[in-house]
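Before any comments, here is the structure.
As written, the chain order gives the labels A, B and C, with residue 1 at the start of each chain.
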Amino acid sequence: MMPDQLLKIDKLNVYHGSSHTLQDIDINISNRPKAILGRNGMGKTTLCSALMGLTKAASGSVFLDQTDISSYSPESRAKTGIGYVPQGRRIFRSLTVIEHLKLVEKKDSRWSIEKIFSIFPRLAERRKNMGDRLSGGEQQMLAISRALMLDPKIMIMDEPTEGLAPTIVDDVVELLHSLAEHEIGLLLVEQNISVALEVASDILIMLNGRIVDQVTAEELKSNTQMQQKYLGINFA
Amino acid sequence: MKLFFIVFLNGLTLASLYFITACGFTLIFGLMRTVNMAHGVLLLLGAYIGYEVVEMTGFWVLGIIAGGLSCALVGAFLQAFILGRYQGDELRQTLITIAISIILADFLLWAWGGLTYQISLPEMLQGGIRLPLLNVGYSVVRLTLIGMAIVVGVLLWLLIAKTKLGIIIRAGVDDREMLQALGFEIKKIFIIVFAMGAALAGMAGVIFGSALSISPGTDIQFLLSSLVVVIVGGMGSVGGAALGALLIGLAEQYGLAYAPTYGVVFTFLIMVTVLAFRPQGILGRAEQ
Amino acid sequence: MSRTLLLIVVILIILPAFISDFWLNQILTRSIILGIAALSLTFLTTYLGVVSFAQITLAGVAGYTIAYFSPNTTGLGIELPWLFAVALALLFSTLAGAFVGAIAKKSVGIYSIMITLAISMAFFYFTRQNYSIFNGWTGFSGITAPVAFGVSLEDSLVFYYATLLSATAAGYLVVKFTSSPLGLAVQGVKDAARRVRAIGIPTTPVIIAAYAFSGFIAGMSGVLNVWQQERISSFSVGLGPTIDLLIIAVIGGMRHPLGAFIGAITYVLIDTFVIDLFSRDRFNMIIGLVLLFIVMAAPQGILGSFLSAQKRIRKYDNNAIKRKIKNDCEI
């Protein structure tokens, strides 16, 4: 069973120069997948990067499975169990698909290269291709696989469906659903409201560096007023 | 015609030395974005250590190993305790390596004086052989040198293309931050790569000191050649270092043979031409 | 700051009355000449964001021009009236600056270090190999400062004032240039090259102009230097002086024009006095350690550290005053 509190973010603050990018962020993530919705420039990517330790937080703490990882380096956070799928995928352009997987291969991981290839036969086909020769969808599959191979407790995914064709988006959504079966927590950051609603049970709304609302997916689905107010879109 | 071929061989030997030296330089630059201005002085240090070890033991190969190893240690120390603290601040790191090169060069001058040293070669490498076709004598050590550069190049290629460490290094060159986010201790990797780069410089120093000779000033010659070679070939690329070394080595030797007054102009022209058409170097990748 | 500057200039004007010839020639005049050269470097670094190793080369171009067109004991060159020689020297150093800029135009930061260093060393080796213009290793000697407008620049006091005047002019030019439209475009290129291009200002001419301007400033120092030293050779444009200039800029601090001169006088004082406390032979080790210390402990240089300390103190004072007011109100 997954613990009740997988990831706990407590009063996290980040500054970029004089601008206060993240303001007193409090988030608790249990075994239910959570999504953060918000438009561009609201601080979503900064949050992911701060959780990974790549952006320095001015104050606040982060606990992973009851361990305080606030002072951990990015590499220690990864080892403690955060799988990071960054915005723009950040595939290593001079590594082949198979090299990406070999890079993060671990002996005692639940995820082997064969297992990844059985989930994503497309990656198996393109195993010898360089990172910069892959399509957006293939890159995304690889980025997710790369994080999974580390056998994480929780995945932090920054806009995994950005720029993907609709059929591929469906594949990614399906995969995200299956994370729960493997007892992997999920913090999904999205602009695509339909993906967020489909994958996550709880939705956090981010506006100007703050979490301004927390609703269930059901609530948000029916509340078009809220959608317009925070996200400026109509969900059809 | 004979002169032309002899100069060609001389160019190749020079290119071999430039290649081995520039490899270390470009490796460090590619991964860490540090312009290691102490690269030349590391080469000189390796050469002196190699000289002492060869004098003491009589084994040439031991001298090469000692030269490489001692430079690897110094390089690892520099990266671990001084440069590593300023990762991301490339300009500051570069200034630090300049300071270190000044200090270390002065220390070497103090310890070994301003004399010229030549490292004694094993007997089988001494003397010359008569080359077929051309029917001229050519020094064996110079030919060996070309062979060594090829071996170093192939080994380095194997390391980078085929090993786990090579995968890590390439990933780091592409995206250091992402590599960290996957749980890799970037500091350790930096230290290893810096040590490797420094070891290549040290070994090149011993080889240079055997084929020709070393004295204060050798450090600057090789720092400059490394700079020009990687500017021309492409920064951070081992293939680029090979191509750059070949171009610069040949240009220098042909310049010396056919237009001694303007030898340096050829090198300069190559650099300017490359910069005009491909600012990132012939095989370099454009910065994103 | 401007009041402080005025005070410094006034002190420098009356200072010769109190010091010996040695101090005047070897410390003050030499420092100011080095300071002008360093200014040309800090200008490029601060406003264009590039570290140029070619400034000694540019100064050398001017120096060689003066040597070639002045009476000298080498038997090479053409004698010209001194004003023409100076005009040509500054013209050539400016053009050389533009040329360096054209080569290094796409490079910033560490790339600019590598490329400008390669250029400067190419020039160094060229002066060594060429005898028809540069007279090889030995270069030119026996060059004397001219008689200008009825006074001889050979007189150390006159030469000092000429140097001081040049330095003031150079500082003034840099300040004026940076607030001119072209100067603002240069700073724009440093901050966001792409955006500057987007508003229709092509970056290449702007970059070349900045290098050319730095060449002009470096040329001023080159002219004065060859008059003071009375000789110039390949060693004057070698790696040693090139790195010394960088050290001066780093020691003084790059942000303010004054930093170049503070760095220069510090360097000259170390070179002249501190070094005797240890050993003359180990000068490089001492200066290397100083550089290492400054880069690691005070990257903004002496002036930068002083200014930020001053800022902190002021801030502290302000906070103290605020607290006091608050307390008073509460009472």
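Points worth noting:
The working rule: a contact is a pair of C-beta atoms (placed from the backbone, for glycine too) under 8 Å apart; a residue touches a chain by one contact, two chains touch by 3 or more.
If you're wondering where the values come from, they're calculated on a predicted model, not measured in any experiment.
Of all chains, A has its CA centroid at the greatest distance from the CA centroid of subunit C. A summary of chain positions shows that the Cα centroid lying nearest the centre of all protein Cα atoms is that of chain B.
Spacing of subunit A relative to subunit B, judged by their CA centroids, is 43 angstrom. The geometric centre of subunit B is 32 Å away from that of subunit C, both derived from CA atoms.
Mean C-alpha position of subunit A lies 52 Å from that of subunit C. In the complex of the two chains, the subunit B residues touching subunit A come out as 164, 167-168, 170-171, 173-175, 177-186. Of all residues in subunit C, only 51, 103-104, 106-107, 109-111, 113-115, 117-119, 121-122, 125-126, 129-131, 239, 243, 246, 250, 281-282, 284-285, 287-289, 291-292, 295-296, 299 touch subunit B in the complex they form. Residues 52, 54, 73-79, 84, 86, 90, 92-95, 99, 102-104, 131, 146-147, 150 of subunit A are the ones touching subunit B in the complex.
In the complex of the two chains, the subunit B residues touching subunit C come out as 33, 35, 82, 90-92, 94-96, 98-103, 105-107, 109-110, 220, 224, 227-228, 230-231, 235, 260-265, 267-268, 271-272, 275-276, 279.
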